[in-house]
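Here is the structure we will look at, set down as structure tokens.
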Amino acid sequence: MANTDVSGLTQLGSHVDLPTSPEEAKLERVPHTHEGERYVVRFTSPEFTSLCPLTGQPDFAHLMIDYVPRKWLVESKSLKLFLGSFRNHGAFHEDCSVMIGKRIADLLDPEWLRIGAYWYPRGGIPIDVFWATGPEPEGIWIPEQGVPPYRGRG
Amino acid sequence: MANTDVSGLTQLGSHVDLPTSPEEAKLERVPHTHEGERYVVRFTSPEFTSLCPLTGQPDFAHLMIDYVPRKWLVESKSLKLFLGSFRNHGAFHEDCSVMIGKRIADLLDPEWLRIGAYWYPRGGIPIDVFWATGPEPEGIWIPEQGVPPYRGRG
Amino acid sequence: MANTDVSGLTQLGSHVDLPTSPEEAKLERVPHTHEGERYVVRFTSPEFTSLCPLTGQPDFAHLMIDYVPRKWLVESKSLKLFLGSFRNHGAFHEDCSVMIGKRIADLLDPEWLRIGAYWYPRGGIPIDVFWATGPEPEGIWIPEQGVPPYRGRG
Amino acid sequence: MANTDVSGLTQLGSHVDLPTSPEEAKLERVPHTHEGERYVVRFTSPEFTSLCPLTGQPDFAHLMIDYVPRKWLVESKSLKLFLGSFRNHGAFHEDCSVMIGKRIADLLDPEWLRIGAYWYPRGGIPIDVFWATGPEPEGIWIPEQGVPPYRGRG
Amino acid sequence: MANTDVSGLTQLGSHVDLPTSPEEAKLERVPHTHEGERYVVRFTSPEFTSLCPLTGQPDFAHLMIDYVPRKWLVESKSLKLFLGSFRNHGAFHEDCSVMIGKRIADLLDPEWLRIGAYWYPRGGIPIDVFWATGPEPEGIWIPEQGVPPYRGRG
Amino acid sequence: MANTDVSGLTQLGSHVDLPTSPEEAKLERVPHTHEGERYVVRFTSPEFTSLCPLTGQPDFAHLMIDYVPRKWLVESKSLKLFLGSFRNHGAFHEDCSVMIGKRIADLLDPEWLRIGAYWYPRGGIPIDVFWATGPEPEGIWIPEQGVPPYRGRG
Amino acid sequence: MANTDVSGLTQLGSHVDLPTSPEEAKLERVPHTHEGERYVVRFTSPEFTSLCPLTGQPDFAHLMIDYVPRKWLVESKSLKLFLGSFRNHGAFHEDCSVMIGKRIADLLDPEWLRIGAYWYPRGGIPIDVFWATGPEPEGIWIPEQGVPPYRGRG
Amino acid sequence: MANTDVSGLTQLGSHVDLPTSPEEAKLERVPHTHEGERYVVRFTSPEFTSLCPLTGQPDFAHLMIDYVPRKWLVESKSLKLFLGSFRNHGAFHEDCSVMIGKRIADLLDPEWLRIGAYWYPRGGIPIDVFWATGPEPEGIWIPEQGVPPYRGRG
Amino acid sequence: MANTDVSGLTQLGSHVDLPTSPEEAKLERVPHTHEGERYVVRFTSPEFTSLCPLTGQPDFAHLMIDYVPRKWLVESKSLKLFLGSFRNHGAFHEDCSVMIGKRIADLLDPEWLRIGAYWYPRGGIPIDVFWATGPEPEGIWIPEQGVPPYRGRG
Amino acid sequence: MANTDVSGLTQLGSHVDLPTSPEEAKLERVPHTHEGERYVVRFTSPEFTSLCPLTGQPDFAHLMIDYVPRKWLVESKSLKLFLGSFRNHGAFHEDCSVMIGKRIADLLDPEWLRIGAYWYPRGGIPIDVFWATGPEPEGIWIPEQGVPPYRGRG
């Protein structure tokens, strides 16, 4: 059985309402039981939505987050709630994508982290944002995210 | 060698400027050399564009046209020019799609004709229009058009 | 230029805030300029989201709506706002899908209407709902919706 | 908010251990709030596993279940637990697939129900089972399941 | 070992030069050893090429031929040579497709035969031709040809 | 646990050498424990190979077999050995495909059986054979086999 | 809420007619709120069209633009209008593609920018153009554009 | 015939019950007959399942394991049994993935080994783990694993 | 409007018969208007055919040509005619592929050029040839050609 | 016409029986007419089959072979016969794959050669082998083989 200490967590295993904003959301971490191992953990969220800061209309994105842990892993339920907390939050695509990456990186202090944000088209033109804390670390296996390019119809 | 009489055509084999409107476009026909055979001719045009009648912004569509000829075939260069003539024409999606279908059907008096118009998304929601001159004729092979459903990103 | 009368519309062409509930949303219609033509109009929305009525957590769905108009077409901006109004609304998958279909059918009195609702997986198992106002009408071309089956990973 | 009465359910909203056999699993139902509407509900489970009755080795399948409800809907958490209860149960592919279909049909008394069971290959040859309670009902929209055929490698 | 009598064949098993025209090509047949069985034989040729009768430029097509044999099967080497004989032959798309179908049908006197000719785009618009000797026969399994629709780029 | 009586089987559960010819292969059956249920069992074999009866060179095919059982199911290990027994057997494509279908049908006396044989290309042109014991039975769910059409390169 | 200063913009949030030429189009920029972060912003436009400079016939392309911002981001509405302004502009494929890349690069003074222009086929042969301001910068994550290769038919 | 010495194996060629835990599972190795050759052996297992350590509910993953052998190859039947032994074992995704990689690496002492673990979504968000014993070795061909990214629905 | 000088061209804009051999074909070039820019131009031709030098039977290939221009661009109509001129030319796959690459490289004196030739299968085994004038130049964006691997059937 | 000297070949252009073992097979070579050019030749064989050395049951694999010739090219008919000669040969997957690579490399003395062997699943787990004569040579274009990962069902 895994020896992950989850005693400090406040949300896992109980009902938690969706946070009403990213500021309110409590992103949590658990100790990394394989400290010293350098490898990649990937989260994929095709269920991200926020609001346009100018019009208040919904925006949608497909997010992929890769990181190389040091002492901490992100607790996945808190990550889900954090991403859900953008539901009624307004932000531009570039800003929002970078903000999510930075917030997780601040919590985890990982060796490296990146986020690929694949936004649904507006005006026929989708925007993708590819942000990382720094260059790809050497000597670690980091697969491509592999999201196919947008295509209109046909 | 095919015995198609193309002597009445005014555009095939010479340079023709893009017509400036559907009204100006000259859709032409050639005699059907296999009259009596009941079968389907399909044209696919992923290069259709018109304008939004309210905003003047460009719209794009992927068009597929199927018909069962009687005495006439559509001359393909004139079809290309006709479709190109919508380039600076404003029309709603539903209206424009039906109009194209009717115009070709009027020219050819086919046994049957249909048009599938797969419009690029606006506001995150594409519109498809599926119009036909009448029910599928019996005893003829009419394959599905098979355009895959729209998908946002990811 | 299309002769669609849009004079009665209250939302098209101006800024409209996202309605806060389906009840508040104003679904609008425009006269059908090709009345008598029997054909299919399809809307695809990969950007639908609502809330779980038990937990308040976000749900996501890919929606496809097909209908055969009689006297009215649905106005597409109002449809987008209507679908967006479920953003903070709680409903079970089956109930929500049927509700959307009925609301649009009530407005348009179409010859026929169907909705395919392809919900994102919960507990590893997605639910799809396939609802229609009645049997497929005869003599009309109605392509398959063609959404591929869910697949876990790999 | 949906008016589904969930008061009789014993498993939804609380922790339930995985049942140790299909016999022990408690498949539950909820009242159908749109009684009289004839439409299809589809469940897809790519996470099915059972044991080979001869060797005790694990078998895997991708399941798709379609039904037309009458008075009852299957409660989805109980369905998930029911499917999970085959984890340590031994049965041949044909038998197991039909058994699942019948058990759900017995509970719901649906107008119609079918199950497609797409088993992973053994000896290079996968088995699919396509079972239904009876012929496809008339006048209802029932999309194909659309699982692509097995292909070896390359 | 199969009891097909190939004694009357003139091309199988020896070197044969590519015929220089469809007229010169010798399409051959072999006796059908399962006479009385009603089923479909399908040939797929992605390697068809002919010339444009107006310009002499090469045209390309992907051909699929389905038939229900009566007393004869087409000998496949002669079919390959027959299709190859169009290499320097000029014909319009519709005419050429129908001509191939008729020639094979004349030779075999099959219960039914169809040809799907999927031509490469010219002027951005490909033409498909779907011809058959008559309605699909009853009580026989005839799968769709399933060629995906043309798509420009992206 | 399934109540399938396997006592009469001679090959299941023990080592059996690959039969050296279809004649030598012992195709076996097991009692159908759901007799009276009308449904489809599908086997897919991408691992079929035989020899060309003229040249002795290897041929390859992708086989799909669907049947509606009456009193018997085919025992899958014996099916695998039967298909493997064509490894050094020479037969034409049409003949070999029909022969396999008939042999299984003779053993099982099923309500209905069909075989789709998708042969690898020779001379650039693959042959598919679609054979069935008779028309598709009414009132049973029989999905398409869905093998994509052959495509050369690119 | 994002702190992007959009006060200097002249087109965002109001109706703007499609510019009649690239020269007339006003490409605008907004301050980069994460200056110092080195990452990629990608725009995908499957809706690009211009005219052939020799014949005046329409050309179509699928465009993908990647850049690493320094002080400025391109304002996306102005980008859409800029790309739309080529609608009645004549240019060769290679020239047009490079021109678009240079124009955006001149405005933004980015650390790096590239454009992939995937033109629809003419004469059966599409042209792709892959242009960049210079070598890929080190230490930044730049995914492949991943547009699939052109394929004729079948 | 291969000269692999399998005399020390205890499970190959005889019936072995599924081990009840990873600790009980006996992972075995065979001598590498091409010692000195530096190349990659890849195992793909889409049939992995374990239990959630908190709730006891089943988890599913698609595993891919690559290694460069030195003196030993992993015996594939013992690998299958080892992976099957997680069936009733509880572990977090990150921990479980790394544990499998380490266990095989300890047995084989390979030049290099990596595991890609692609877990089925929970809460809408799948986790992937990419672990390796160290940097990719130089001068060896190591293809990407190429698992496509998770996509919700539609 | 593009300032490409096409005054020296002999084939563009007029009818030209298909050359009867590669020797006869006149491959032409136009001045590169962005001299000094280092970028890639890609041509894709799924319509290539030649003859087998031993048997005279047709061969087919899908060609992709990438180059980094210096002073010249290849004129695309002459390229099309050049490729078409192999129609009745006999050459082995490896030889023919390299010959095409060299001929274009000789004309253009590009910084770099490569050709990928993906031949249709013969004897069940396709040959691909990947030739380049030299190593990939540094500091230029050169996407993969991305042609999928050949797969027989199924 | 190609100047390849094929005078020393013993199998090309005449009927040759399938060799009964790899030892008996005569792998042949032809002079490389572009000696000095460094490029890649790729063979793809989805039609490989051998026997399991323990059970005698058939195994199947999809093979891809890449090499950089020096003085010799492999003669493709002899390659086909060599691969076919494994039909009744027993060997383990790893051993068989390396053996094929070495045998061809010994004959050709190429600058570099690799083989990717993608075996069909046994026990639910396919094995891939990726072997090369040495590190990828510098300055040569060597595309990925691009075989997609195995996926069970669904």
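Things to note:
As written, the chain order gives the labels A, B, C, D, E, F, G, H, I and J, with residue 1 at the start of each chain.
Methods note: contacts are C-beta pairs under 8 Å (C-beta built on N, C-alpha and C of every residue); 3 or more make two chains touch, one makes a residue touch a chain.
By chain, UniProt protein names: A, B, C, D, E, F, G, H, I, J = NADPH-dependent 7-cyano-7-deazaguanine reductase.
This is a predicted model, so every value here is computed, not measured.
Where touching is counted per the definition, the chains common to chain G and chain J are F, I. More than half of the contact pairs at D-F come back, by residue number, in C-D, the repeat among D-J, A-B or C-D.
Distance between chain H and chain I, defined via averaged C-alpha coordinates, is recorded as 44 Å.
Chain C and chain G have Cα centroids lying 33 Å from one another. Centre-to-centre separation between chain B and chain J, using Cα means, comes to 49 Å. Counting only residues that touch two or more partner chains, chain H has 46-47, 60, 62, 120-122, 124, 126, 144-147, 149-152, 154. Which chains touch which is summed up as A-B, A-C, A-E, A-G, A-H, B-C, B-E, B-G, B-H, C-D, C-H, C-J, D-F, D-H, D-I, D-J, E-F, E-G, E-I, F-G, F-I, F-J, G-I, H-J, I-J.
Every residue of chain C that touches chain D in the complex is listed here, in rising order: 53-54, 90-92, 94-96, 98, 114, 116, 121-132, 134-136, 144-152.
The touching residues of chain B, counted against chain E in their complex, run 1-2, 4, 6, 12-13, 33-34, 37, 39-47, 62, 64, 73, 76-77, 79-80, 83, 138-147. The touching residues of chain B, counted against chain H in their complex, run 149, 151-152, 154. Of all residues in chain H, only 46, 60-62, 118-122, 124, 126, 147, 150, 152-154 touch chain C in the complex they form. Those residues of chain F that touch chain J in the complex are listed here as 15, 17-18, 46-47, 49, 51, 55-58, 60, 84, 87-88, 120.
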